[in-house]
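Presented sequentially are two complexes of chain A, the first with chain B as partner and the second with chain C.
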Partner chain A sequence: MKSNQDSIKFEESIIRTASKQDIENSSIKDLKKKALEFISSNSFPNKKNEEWKYYDFKDLFSNSSNIFSDTETFRQEALDKKELVMLVDKYVFRESSENLIVTVNGVYREDLSNFNNNDIEISNLSNCKSDQLIDTDSSSKDQYLRSLNTLFIENAFFIKVAKNKKIDKTLQVLHISNQNSFNQIRSAIEIAEGSSLDMVISYVGLEDSSYISNAVIDCHLAKNSNLNFTKIQNDSSNSVTLYSLDVKQDKDSNFDFNSFHFGAKSSRDQITVDLNGTNSNANLNGLYVVNQSRKTHQIITVNHNVERCTSKQLFKGIISDEARAEFNGMIEVKKNAKLTDAKQLNNNLLLSPKAHIDSRPQLNILTDDVKCAHGSTIGQLNEEELFYLQSRGFNKSDAFVTLTYSFCQEILNKIKLDSVKNYATNLAFNNISTDSNGALAKLANNDKFKKSRYAKNLK
Partner chain B sequence: MSNTQNNLEKLQNQKYKYGFTSDIETESFPKGLSEDVIRKISSIKNEPKFMTDFRLKAYKQFLDMEAPTWANVDFPKIDMQEIIYYSAPKTKISKDSLDEVDPEILKTYSKLGIPIEEQMRLEGIAVDAIFDSVSVANTHKKALAEIGIIFCSISEAIQEHPELVKKYIGTVIPSSDNYFATLNSAVFSDGTFVYIPPNTKCPLELSTNFRINTEGSGQFERTLIICDENSYVSYLEGCTAPAFDTNQLHAANVELIVMKNAEIKYSTVQNWYAGDENGKGGIYNFVTKRAICQGDNSKVSWTQVETGSAITWKYPSCILKGDNSIGEFYSVALTNNLQQADTGTKMIHLGKNTKSTIVSKGISAGRSDNTYRGLVKIGPNAANARNYTQCDSMLIGSKCSANTTPYIEVSNNTANIEHEASTSKISEDQLFYLNQRGISTEDAISTIISGFCKDVFKELPGEFAAEANQLMALKLENSVG
Partner chain C sequence: MSIIEIKNLEAVIDTEESNTQILKGLNLTINAGEVHAIMGPNGSGKSTLSKVLAGHPDYRITKGEVIFQGKNLLDLDPDERANSGLFLAFQYPVEIPGVNNLNFLRMAYNSKMKFNNQEEMDPLDFDDFIEEKLNILKMKPEFLERNLNEGFSGGEKKKNEILQLLTLNPSLAILDETDSGLDIDALRVVSEGINAYRNKNNAVLLITHYQRLLDYVEPDYVHVLSGGKIIKTGDKTLALELEKEGYAIV
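And now, the complex of A and B:
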């Protein structure tokens, strides 16, 4: 039971590090104490937990043992400000340079943020209202990660959009990670009645830094509000990321979520949407393009708690080299949620012999007057389509890239801003094209393909 | 809709047709499980040493195991010491002639619609009837033996063909497989054994009927079917039990072994007593069924119609080891009142060019829970594997639930997997349309249900399909409102 020992070691180092913290002087000392109590009496999730069944804990534990090995330098000196400003310049989207929030290694940095909008109120950990730091929901599936976040949190930001305001400029949140540390990202987003907000959240990490980031984000959409939330994860190839997003929606609200995964050694998203008001709608879209030995896990739950709500999930994945991906989607239709309309679809392209996918589209339906459908497909590029393009003058790798791009275009097109779309498209291409020739060569060697009448035309 | 409501109530109040008990003297062990009980079962059956060892090994493993809790079913912990592990009709039965079978037993079977004498004459189906724990009658044996087919109870096979039993038993379901399968390996009392020699197409549909009669007894039967190269067999299984207020455990193991170019078609119509409308009594149907496609181009097809049992918990699986082998699973699971069903399949693709098809139809009515749980696993060497899964649920009434929990694990990039599922209800528009054309609401419901289940029923052999259709109509009467 080696993994069990690793888990115990991990828990011990958390408690040891926590005890060195100056909890008494924190503005949220009560919450921190409660979190410590929770962590001391509970254990880190393990494979017996259905939501962690396919998770490979090895990456997490190996990064953590590096981080915790010298607890004195748990938080090293960050990059100096000049270097950070250069990084921010590199990753900020043109349209959002005036609406920018920056965190460095999980800590909210007001000095690097550039924000000027009277309709949005931004507060930090020391001046936020205590109820903004939602931490009491013990029913939450990710309570351990939440408590861990609360325990080590240094600074966080809270966004509140005033009533009946349509924010026309896209707000960008840039998370930079540049050192081997355990980063706790925390934020809460409140959209008041009748308002709407577009957000782009990008995660970037300096290559070769092997951090763990543990993000906890809560969103509340009040009556008739609208939130467009785009997440682009391009963390360092040595990092391990854990991400918990909880969304609560009131009557007539609309939530659009687009999530993109390109980086990190191992990334895990747990997204839970509660449709608590009638006529609310959630659209969740995702694209994961993973290569090398990356792992990505998408655990999505949509709870239809009341009647007449709609939800859609569309997640696509391109998996090459030795990468592994998991899609675990759940639609829960509660007892009184009549006239629910829920859809869920997961499409995957496996491009290499050692690529692996675990797909679990699930439905839990407790009432009869509903429309629910789900589907999942796993396959590879169509030989006939590849041949068609080649017969029209595309070379092998161009045909390959064109088809792969068209596969992910459906999700990429959901991004509103062109600069963001280009950024995401480039990242997707980087992750596909490294193996394009290899994958094609393998396709050409495929027994079935060799027998097909197209094979001779390919030479 | 009040008319419908009435019809529905009528249907729901339909009594379980097979709920009678037969007054037959039986010889039962006292309740309880111990090494002694297992040795006693083994010695009564005069088993060779390898069987006794097999049972004892399983029993030792069982002692270290805990009952699994992951399924979406809810029941009090079963006390394994409160079960009678062996119960047999007292009259000594000679299997060669029906004249010596206790007339009460024969009467029971004719009540169930299986007059064994008739079956003797009726061309096409050979029946093995299992009463409580032992096999009581077996028809057509002689005719089958002439072409080399062995069709007998497993106890008989242990006596007469120990080499075959020894070679294959426990190879598909190892004795330590899971809690209930391990228990079965330790205490199984009887069951069916079929061996189809190479190059033989079994001319008859083979069939087994299971009946639990004694209150408080558990039924642990074991079926082993081996289909050798280039052969074919179709096998049917039917189940009934009397209505008792207590829950009874049925933990069976079914192992199928399919050689090169061979095919087994296994059909089940399960109608165990489901308990009354308040969920009192009924059978716990915890069954482990698994097939292995050992050779190239082999095929296994599972068809099941699950309408009975208080709790159904079974996953007929296929291990597709041979290249080009095919696995199929067609299932209709119907739950009403407080019934619970957690059923599905596992398709494990190991060989090249293997194909599997899963069609699952779940119908939940009343306050029942119906879950489809299935695994499709493509191993790294299973090039060009293909799977198509369709699982549809129909909900009748707002108090029941329908869940779909598929697991798809793919480690080979040449695999093609499709999974789709939908959930619907019988709409008023559909009912109105049929009513408008002069079809009564009740008939309209059965028409819609039979349309919904058509994909599965068409896989059932002849008269079973008709029977299944009737069974569905019977079970669902009065459940649409």
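And now, the complex of A and C:
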């Protein structure tokens, strides 16, 4: 019953921390009160919950016992500004240097951000004009995590793209976390009618630091809007991250989501997309590359709530050493959702005998006249392909890198910006093999190789 | 000067499903400047011979030796064999999605350069180098921009094998049924490619079922492989006889 005790201890720490929040003076007293009530009267998710069945709580509890000290305060380490500036410099993508939002331990930092775009409104709780950005939706699946996050909602920031604006520069949101932080990252993104935004959200941690992040993001895509959302999780290898993304789409909207998982000791993403307007489309792509004893969990739900919507999920994983991954994808086609076209595919490459994957592609169809497909594959590198490359002079390691590159490029190629793509490609291969850089540079068409006149059409 | 000497070679296929002896004492010497053709009924060991020479992991050598340009070939890994100058054109080239054909060709070429302590070619010089090879095979440059064999037709895959042959310029080219599945025009182009590669310092081993390739690439010797060894050797007229009479004559 040790894990049960750990769980109780964890919950107690949360409630203790939560109770210290000055709720009475908060501008959203009711919301916070409700959240505290929920947390006090419910327990943290456990293995009895189908969507937490494969989750290993050990990592979470061990990080939490570091964070919550006996003196009942956070032991979060202070960060010096100089160090932060250096980190921002390191992780900002050059195309986004003037469209940058930075948070440190979940708190929006205006002093580190560099943002100047009249068509995008960035606000926090005190100056937020739109109530609807604070989503109190109780139907969300991870209500406990959401409530916990709500207790710290002062940290939240909101991104709103004005009506009929096509934002041509990619917006970057950089989240930095450090030792023993308990980060409640909260944001809401509103893309108004007829607008479009490209956004890259990157998560980084100080080297080897141990922390817990609990991110809650709500997106609303209004009629005929477009959001291209790339998430790159490169958290510290000792961190535990929890992530809830809820997306609501109106008529004719388009959502492209590219999710990359390279860091963290344990990461869990719960992504829920509601297609609420006809003719809306969601493309969800993911690549998780985990090694050592890392774990990653991808729980994806796409709800087709109305007719004539399309969705596509393609998640690929490369799992090596003793790492474990879970893909749990669900397509829900509701009663009214005639003429739905939904696809879901999960491909996994297991590179060692102890690597483990639980893949569950699921469909739940409650109407007729729909087109749905789902599937999953699990395999190793193909011997014939390895031999073919070796017979062309590739040594074993280059052949290996080439084939793993071949496996994941389909997802990496969804990234629009070269600098982001190179960053993700390098992170992916750092988690596979350390001596991959030579072959990778040639395969990935890095700058030097772009000069070829035949390279003009390479993507 | 001999390029390759195969002496009393015996090999078994050694996989989970099968453990069968396929080569049963095969002898063959190929000298520089020569073209040898190997014909033989299905299942006689032709493709096995080519894979054994290239170093396929499914085969185990139980007896014999192979001397390739003074080196003991069987001691080398597949990539070392390739970089030492042995090339196998595959009967069924594999498709590798996401790996650009041009990058692949340059990596293969530079692997060989590096192995032989020669300077690697930079992308711009490689463009000029490869363009010349493309012209020989009447291939369009778009070919280079596609992914390696992905979605290629049967004929395109075989042409791509010959493009690799011309790029890597090995000492010995083993062509495993490169003519299968080619239409008449493609066969002519592929043959021109093979002839463009040939010179007095290198050699070709053609594995084929059909005489027609030999009209374009004229062999010095024709061997019949049956039951895991060479049972008859003749000149190009042997291929014509076999075409007419079948393997019953040997």
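As a working rule, the second predicted complex is superposed on the first by the 417 of 459 C-alpha atoms of A that agree within 3 Å, B and C clash if a C-alpha of one lies under 4 Å from a C-alpha of the other, contacts with A are read in each partner's own complex, and residues count from 1 in each chain.
Just so it is clear, contacts are C-beta pairs under 8 Å (C-beta built on N, C-alpha and C of every residue); 3 or more make two chains touch, one makes a residue touch a chain.
In this text, all values refer to a predicted model and were calculated from it rather than measured experimentally.
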item	value
First, second, both or neither for A:375, with chain B first and chain C second	first
Which superposed partner A:189 touches (first chain B, second chain C, both, neither)	neither
Touched partner set for A:338, first chain B, second chain C, both or neither	first
Touching partner for A:365 - first (chain B), second (chain C), both, neither	first
Contacts of A:432 with chain B and chain C, given as first, second, both or neither	neither
Partner chain(s) touched by A:356 [first = chain B, second = chain C, both, neither]	first
Touching partner for A:221 - first (chain B), second (chain C), both, neither	neither
Residues of chain A contacting chain B in one complex and chain C in the other	442, 448
Interfacial residue positions of chain A with respect to chain C in the complex	382-385, 387-396, 398-399, 402-403, 405-407, 409-410, 413, 439, 442-443, 445, 448-449, 451-455, 457-458
Of chain A, residues touching chain B in the complex	335, 338, 348, 350-380, 442, 446-448
For the chain B and chain A complex, residues of the former touching the latter	380, 383-384, 393, 395-398, 400-425
In the complex with chain A, residue positions of chain C that touch it	54-58, 77-79, 81-83, 87-88, 90, 93-94, 96-100, 102-104, 106-108, 111-112, 115, 123-124, 126-127, 130, 141, 144-145, 164, 168
